[in-house]
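The first chain written gets the first letter, and so on, giving A, B, C and D; residue counts start at 1 in each chain.
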Amino acid sequence: MTVAPSPVSTAPSLAPIFKIANPQLAEAGRHQLRLAENEMPGLMALRAEFGESKPLTGARIAGSLHMTVQTAVLIETLVALGAQVRWASCNIFSTQDDAAAAIAVGPTGTPEAPAGVPVFAWKGESLEDYWWCTQQIFDWSIEAAAAGETWTGPNMILDDGGDATMLVHKGREFELAGAVPEATASDSHEYRVVLDVLRHSLAESSNRWTEIAAGLAGVTEETTTGVHRLYELASAHELLFPAINVNDSVTKSKFDNKYGIRHSLPDGLNRATDVLIGGKVVFVAGYGDVGKGAAEALRGQGARVIVSEIDPINALQAAMDGFQVARLESVVEQVDIFVSGTGNFNVIRTEHMLKMKHLAIIANVGHFDNEIDMAALEILEGAVRVEIKPQVDEWRLPSGRSILVLSEGRLMNLGNATGHPSFVMSNSFTNQVLAQIELYCYPEKYPVGVYVLPKHLDEKVARLHLDALGVELTVLSPEQSAYIGVPIDGPYKVDQYRY
Amino acid sequence: MTVAPSPVSTAPSLAPIFKIANPQLAEAGRHQLRLAENEMPGLMALRAEFGESKPLTGARIAGSLHMTVQTAVLIETLVALGAQVRWASCNIFSTQDDAAAAIAVGPTGTPEAPAGVPVFAWKGESLEDYWWCTQQIFDWSIEAAAAGETWTGPNMILDDGGDATMLVHKGREFELAGAVPEATASDSHEYRVVLDVLRHSLAESSNRWTEIAAGLAGVTEETTTGVHRLYELASAHELLFPAINVNDSVTKSKFDNKYGIRHSLPDGLNRATDVLIGGKVVFVAGYGDVGKGAAEALRGQGARVIVSEIDPINALQAAMDGFQVARLESVVEQVDIFVSGTGNFNVIRTEHMLKMKHLAIIANVGHFDNEIDMAALEILEGAVRVEIKPQVDEWRLPSGRSILVLSEGRLMNLGNATGHPSFVMSNSFTNQVLAQIELYCYPEKYPVGVYVLPKHLDEKVARLHLDALGVELTVLSPEQSAYIGVPIDGPYKVDQYRY
Amino acid sequence: MTVAPSPVSTAPSLAPIFKIANPQLAEAGRHQLRLAENEMPGLMALRAEFGESKPLTGARIAGSLHMTVQTAVLIETLVALGAQVRWASCNIFSTQDDAAAAIAVGPTGTPEAPAGVPVFAWKGESLEDYWWCTQQIFDWSIEAAAAGETWTGPNMILDDGGDATMLVHKGREFELAGAVPEATASDSHEYRVVLDVLRHSLAESSNRWTEIAAGLAGVTEETTTGVHRLYELASAHELLFPAINVNDSVTKSKFDNKYGIRHSLPDGLNRATDVLIGGKVVFVAGYGDVGKGAAEALRGQGARVIVSEIDPINALQAAMDGFQVARLESVVEQVDIFVSGTGNFNVIRTEHMLKMKHLAIIANVGHFDNEIDMAALEILEGAVRVEIKPQVDEWRLPSGRSILVLSEGRLMNLGNATGHPSFVMSNSFTNQVLAQIELYCYPEKYPVGVYVLPKHLDEKVARLHLDALGVELTVLSPEQSAYIGVPIDGPYKVDQYRY
Amino acid sequence: MTVAPSPVSTAPSLAPIFKIANPQLAEAGRHQLRLAENEMPGLMALRAEFGESKPLTGARIAGSLHMTVQTAVLIETLVALGAQVRWASCNIFSTQDDAAAAIAVGPTGTPEAPAGVPVFAWKGESLEDYWWCTQQIFDWSIEAAAAGETWTGPNMILDDGGDATMLVHKGREFELAGAVPEATASDSHEYRVVLDVLRHSLAESSNRWTEIAAGLAGVTEETTTGVHRLYELASAHELLFPAINVNDSVTKSKFDNKYGIRHSLPDGLNRATDVLIGGKVVFVAGYGDVGKGAAEALRGQGARVIVSEIDPINALQAAMDGFQVARLESVVEQVDIFVSGTGNFNVIRTEHMLKMKHLAIIANVGHFDNEIDMAALEILEGAVRVEIKPQVDEWRLPSGRSILVLSEGRLMNLGNATGHPSFVMSNSFTNQVLAQIELYCYPEKYPVGVYVLPKHLDEKVARLHLDALGVELTVLSPEQSAYIGVPIDGPYKVDQYRY
């Protein structure tokens, strides 16, 4: 096994190995898990429904998703359904070390005698750490040895952002080519790290990723970004295994993006800066689901929100919802807090930063790390960074003013807060588990391609979350069902319904 | 020509005939049209764009859509684009008589020398009137005579709710069968009227509707209901001509339903009852776009809103938006105002009415007239109706309490208010005009079937409405466009995007 | 009796006289009254509490307050409590003719045999009509004759805006002076009418108003304006009788102004213009209670609201509530709808009007008729008025654009809608009735001066409105009461508490 | 000098002593102070206005107020205006140790060579610590020695909650009586500590507090609670020195309570529990300013809010704002989060807790620590407390369910979050500084009694906060000023105006 590049490592010879910040945090993490379970009724319902039949028996799931408390409940749900799991985070800052500890130690283990799941994640990984961790979820030699098997790969991926999927695809591509290309000048630092990892891998094995790819029954992908990559692979006929697009379940994209951000954006702003949101002028770039949740949250706190949009339909929605819609250039001098939720790059640039008010705040809740042009800021002449506290940097600019950049321009709801809350993630993750079951148990339904979950499962996810909120669902009478031609138990809407 | 069954008729031998309440209302109507034009920038932009090229030259459009001020601007836009038009309302209560007069008289005419469009509509038609009016839009003998043509049918339908389309389909069906069936016990009064109309038609001509059907290049349909019928016809292979589903343009269904109802529901409640909405408990059946708009409007007036839903996804949305979600049965005694926006039937029934508070209000903003079980109320023993004012009835119930039923259970935003406001309808109707152009000018693109407008036209509709609201649209840089793989000018979203 | 200057007059020799638009509207008005009674639980509770003891027996109340449906319920409550009443409206446009008819005819009368209250009010009075009507409420000769009494004045005033009170004070002042002054150049048209009335009165009687003043036990005043006049009279030691400032009851000013306007402003805009409020830019001048209600209502309809303020505290409140706060001059070109609720004069001036967008709407919901500088508009060179419909005027301006002025710049929630709804007015009017009882029954508590109702009565008004809204009030335990030093039954707050 | 009972102490012989958690936190605290200064424009404006004239020269202010970042900016403002200051916190949990360190070390000092203000406060004091700290702000012997003076007391108090004021009054009372009474069975643990402190003091000196009281020019009090005590003292003629009630400045009570809680309640909930607020049922006890802010914040996050009230006026306001108003008993089983903001005691009791849902959350944002009946919970048979993390306790109840109690029932916005944000506190503290100036510089205006700041100063506080929010204030024209009788520069409202 590769040597771990950094913190506390625990690899007793007979127990599942892991690499986390501190196993002693397991008890604190376990408290959080117990509380989270109460807020994740979808996952708990799946444990109740499938805990005996264990449909995921035999599944070896390589998970790459923020190692948070909520993910811990997901992991233990997958295990309760029969799966084996190895886990890494999909973001260098998003791991909650107590949750990782609880997962590594397990509900019945102790820090001294851990009995949990192999997890490789800690808050504040370097990029080298990160890709080392990602490799660990593909190395199932310990499990294979324990089972007396020879093949040492996973058979499922559960992905967030597509890094795990990308690694397999690139690894196989370079193996087929017989070489890893040299980095070019325009390659990011991160891509260089990936190339190094694969170069090292190719030196060790000429077909490692090819075999892993062949063994995979499929991937379930959490995010817009990852889904986008999957559709690109599929349309280029390069996709190697079937994929379920969890992101576009209604109960994921319309809940996670909108209601999750509504919660975690002000939470992150508060933890990072303690600045009163009320009365402030806030600029929200993008009025998709993320932007809608952001704008609603900030208005709910008494801010005056200005929205920007490239799509005239969403722009018109923003106007009809009572928001000023303007270009960043038109209002940059008036704004106190900048929020970017577009999914595009270079949305907030140094030319804007130089015009901002003193101590204006920049917060990214989109997906791509480069929504804020941090690369340009880092090389801006005369710009000086002063760390106020972790994930909060004051940048003193040649304008004579400072700005506050949260989480180094990365997702601040993860870096400055704790990400989406459990109830939201219960929706997303119940989709994930159902998607894992679909791909693993019914491979005949899913030839290589990208799928969304059938609407009745999407509706099921919602249904599993109603009781916890005291929602009474109305039931169609047989006559009403016949009248509108909709089954009493659903699905209730056509696929293209917009909610 | 058939003899008109009721009010003021005007049919000078040389002018286009019409039948409306009072041509003297034309000046008042023209004032309203002028104001509405300022609120319908999409239609006015189409007049500017296509007023010279006149792409609808040669189109003979049979229009069946609420004869309101906004429809008047639509009609004059169609005419400005070269079309000939005949018009009926699609609802017996929704005609605004001044708008009808303005259209009949025309911008350059006078009540004495009308020079407008043949329109057959007045507020308060009987069902017999209604279907008589609908027949008039299919009789183009005057226009044919003027043009020296022999064929006397329209070549396009612009429909709302599908009555015009249904008449053609049923007419042809019965002509093929050689007979109109007898009404059965379960047939509604209205369907009996339709059967009578077609029986009379069949007696006059054995192929009138068959020929009309053959001459039609297509229909553009405004509503969920009408679209539903079209898809049913298409899937039964009975659809006779291509159809564009205008309803499912984003700029129609997500604007008209949500923002239109948000405006016109409280407007209708106020005009009908003057009851303070603030502090009241309001029940909103259905949390689709209509229900969302209703709930937002009522909360915005300080009401406490309780929502009901059959779909767990929409139910969860309602809960996440902060609304109590309950079955009608659970809360009926507490509610002051009942709003139904489901599109289903028998949602509010006499069993509920008997439990309601004294002077509880019942308002239908769904679509089907039978959302409120008026039929059962009308035969409920001991129930007495007292008209408070037009479209507002007190029903004294055997419970010893009264309830207020608006617009006889029909669409109260039309019956008690003036329907959706101009700006909302400008979005819907700009879609209508673009759809008429598509079907009429590009028949090769649309074999018989049901289509939605391509996304770039949907986005165009939105774009034409931004300036009026002072919206500044952000423009993608070429680099950003390339980065996310979206053209600078759109379309910006995949077809299944939910907005 | 003076000859009435205009419409349908009814003065049968034996019945109480009145002058209204049309007694045949009584049945329609009675329907409205019945519905309103259900929405005015405070007044109905007073009828239940005091209907037997009739504490107002002997009171002769001269009422000057908008003759609406709600006022009709107030009048019949006063009568139920034993009072005799004569009534005029306090605004030339605000009378609802059906309500006036119902009051004049009475619950047991018929248009042919009226048995109601002497009421002198119709929609669309001239100023001469108005002041003639106001005089009628001071002439109780019919009632005196019926009772065999010689003195023919009222003993109480119930006033709105202070016109009735002013007439008495001015009348007495001029009688003492022995002459009515000539009008000066700066006197308004209305004040000239008042001077004429009093000049005529003085010619008839040298001590009419002096005697009336002497006979008055007090006045209860409804509005900010009227209260302001009362405090001025009191501080100048010119107040002639005790006054209760009903306006400053919490259940009046914080309810009527805020929640009443929240309801009736959008209602008036809708009835007047049918313009979609959603997406519009609305300017609200003043962020007192009226402005707060206006801003909340418009935001609730999806408008973007910009507020102006002169008071830094209220300005800061507006900002903290998420509104842009700007001077009219800074934003006039962007605004679609202008709402004035300041209580000051010349807030919206022709210099602003000339910069407004085409068909911008101007709506006054403040109090003074001159909030909009209509006087300057009327003499603006090149400005042309086109009546769109009653109370809605298009003014074509030399800017080449038009604006829409509602209700000629007067209170549009009365002129274009039906004023505050019943439930709000029930709060105000329950205060009025309690204030009448206080002044009439407990004169010893109120030497000449201006008073607000004691807090326990203010709280009582609120209490009488809770059941109708399903509100459950929490009751202090004796221990809790002792702990915070507040009686279990109230009063709960110190006098200066701000709510 | 008394020996400090606990943590890191620093008392170099020549420097001002202090006692805080860790002086090494000074740099981190200084960063926070710099950011806070940008959010506290009122205080910074006072430094600009009075930094040269130094009106507080000679003032020795004994401060007892939460030792937070914001208070640090207040302290340094007082110093900039010439005052000497000694400081303790007014709450055992609310100290932010980095802020205390920054104050102790001073802007020009270092942890090794501190040059700041004597501050005695750390997060997590015992009650014994707390009252020891409070004593330190009254012992000015070091300052007196440095100044060559003999009298060693302060001449001003700046108080929050009245503890400092109470200590002086009780100390003097017992000195006059010659004895400190024995604690009785009903005395709280805290009062017993106070008695011990004063008993010890009396043993050392028979007139210490009597002399301190005599030397005090006055107190400015921050809170409702403290103000309540002051009015009680005044009405019992026991108040020893003049007091300014800062709490009832509009810019304090209507801002701090409402907008501060709106910000810090969800912040505290998030930091404590990470529970999604959206979709939850939240109970808010009390609809005063605190309750209004709480309800608005939670609705803004998508919660369904149920309010309780004892005052019918506030209850009616809650209903008119769209909230269900119910007794706790009626809804306790449905509620997910309980928020208490009443200012009363025993609002949420064990009888309620036993009926709550599993893991229901209890949060106190009122003032009194006993709003939640923690005393009864602590002795409830079968109840077990499990600390989840600091300030978050799970209580396992004999109901078989658990509840989560935040901050041990104390103010959770301080204990679980960081209290009101800087901008809100800038309003409160600008009032404090103006009040200190008034009492210290103009003693002739304030004989012994309790005062609120004159309205023009209240308005000044607001005015100093407008620029930071981009607010443009409208200015009355001379004509408008004359017309409404309000000076152009204010004050704009009568004293009893409710805002």
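Keep this in mind: a residue touches a chain if its C-beta (ideal position, glycine included) is under 8 Å from a C-beta of that chain, and two chains touch if they have at least 3 such contacts.
Going by UniProt, the chains are A, B, C, D = Adenosylhomocysteinase.
The shown structure was predicted, so the numbers you read here are calculated from the model rather than taken from an experiment.
For the touching copies chain B (Adenosylhomocysteinase) and chain C (Adenosylhomocysteinase), the fraction of interface residue numbers used by both exceeds half; the interface is of the same-residue type. Two chain pairs, B-D and C-D, are compared here, and C-D has more C-beta pairs in contact (counted per touch definition above). The chain with its Cα centroid farthest from the Cα centroid of chain A (Adenosylhomocysteinase) is C.
Annotation: 40 Å between the Cα-based centres of chain B (Adenosylhomocysteinase) and chain C (Adenosylhomocysteinase).
With centres taken as mean Cα positions, chain D (Adenosylhomocysteinase) sits 59 Å from chain B (Adenosylhomocysteinase).
Here the spacing of chain C (Adenosylhomocysteinase) and chain D (Adenosylhomocysteinase), counted between their Cα centres, is 43 Å. Multi-chain contact residues of chain D (Adenosylhomocysteinase) (touching two or more other chains): 259, 278-279, 299, 302, 316, 319-320, 324, 469-470. By the touch criterion given at the top, residues 28, 31-32, 35, 38-39, 69, 259, 262-263, 266-267, 270-271, 273-281, 296-297, 299-302, 334, 358-359, 386, 388-389, 394, 404, 417-418, 421-424, 469-470 of chain B (Adenosylhomocysteinase) touch chain C (Adenosylhomocysteinase) in their complex. Of all residues in chain A (Adenosylhomocysteinase), only 278-279, 299, 302-305, 316, 319-324 touch chain C (Adenosylhomocysteinase) in the complex they form. The part of chain C (Adenosylhomocysteinase) that touches chain D (Adenosylhomocysteinase) in the complex is made up of residues 248, 250-251, 253-255, 259, 285, 289, 308-320, 324-328, 330, 343-347, 427, 458-460, 462-463, 465-466, 469-477, 479-480, 483-484, 490, 492-493, 495-496, 498-499.
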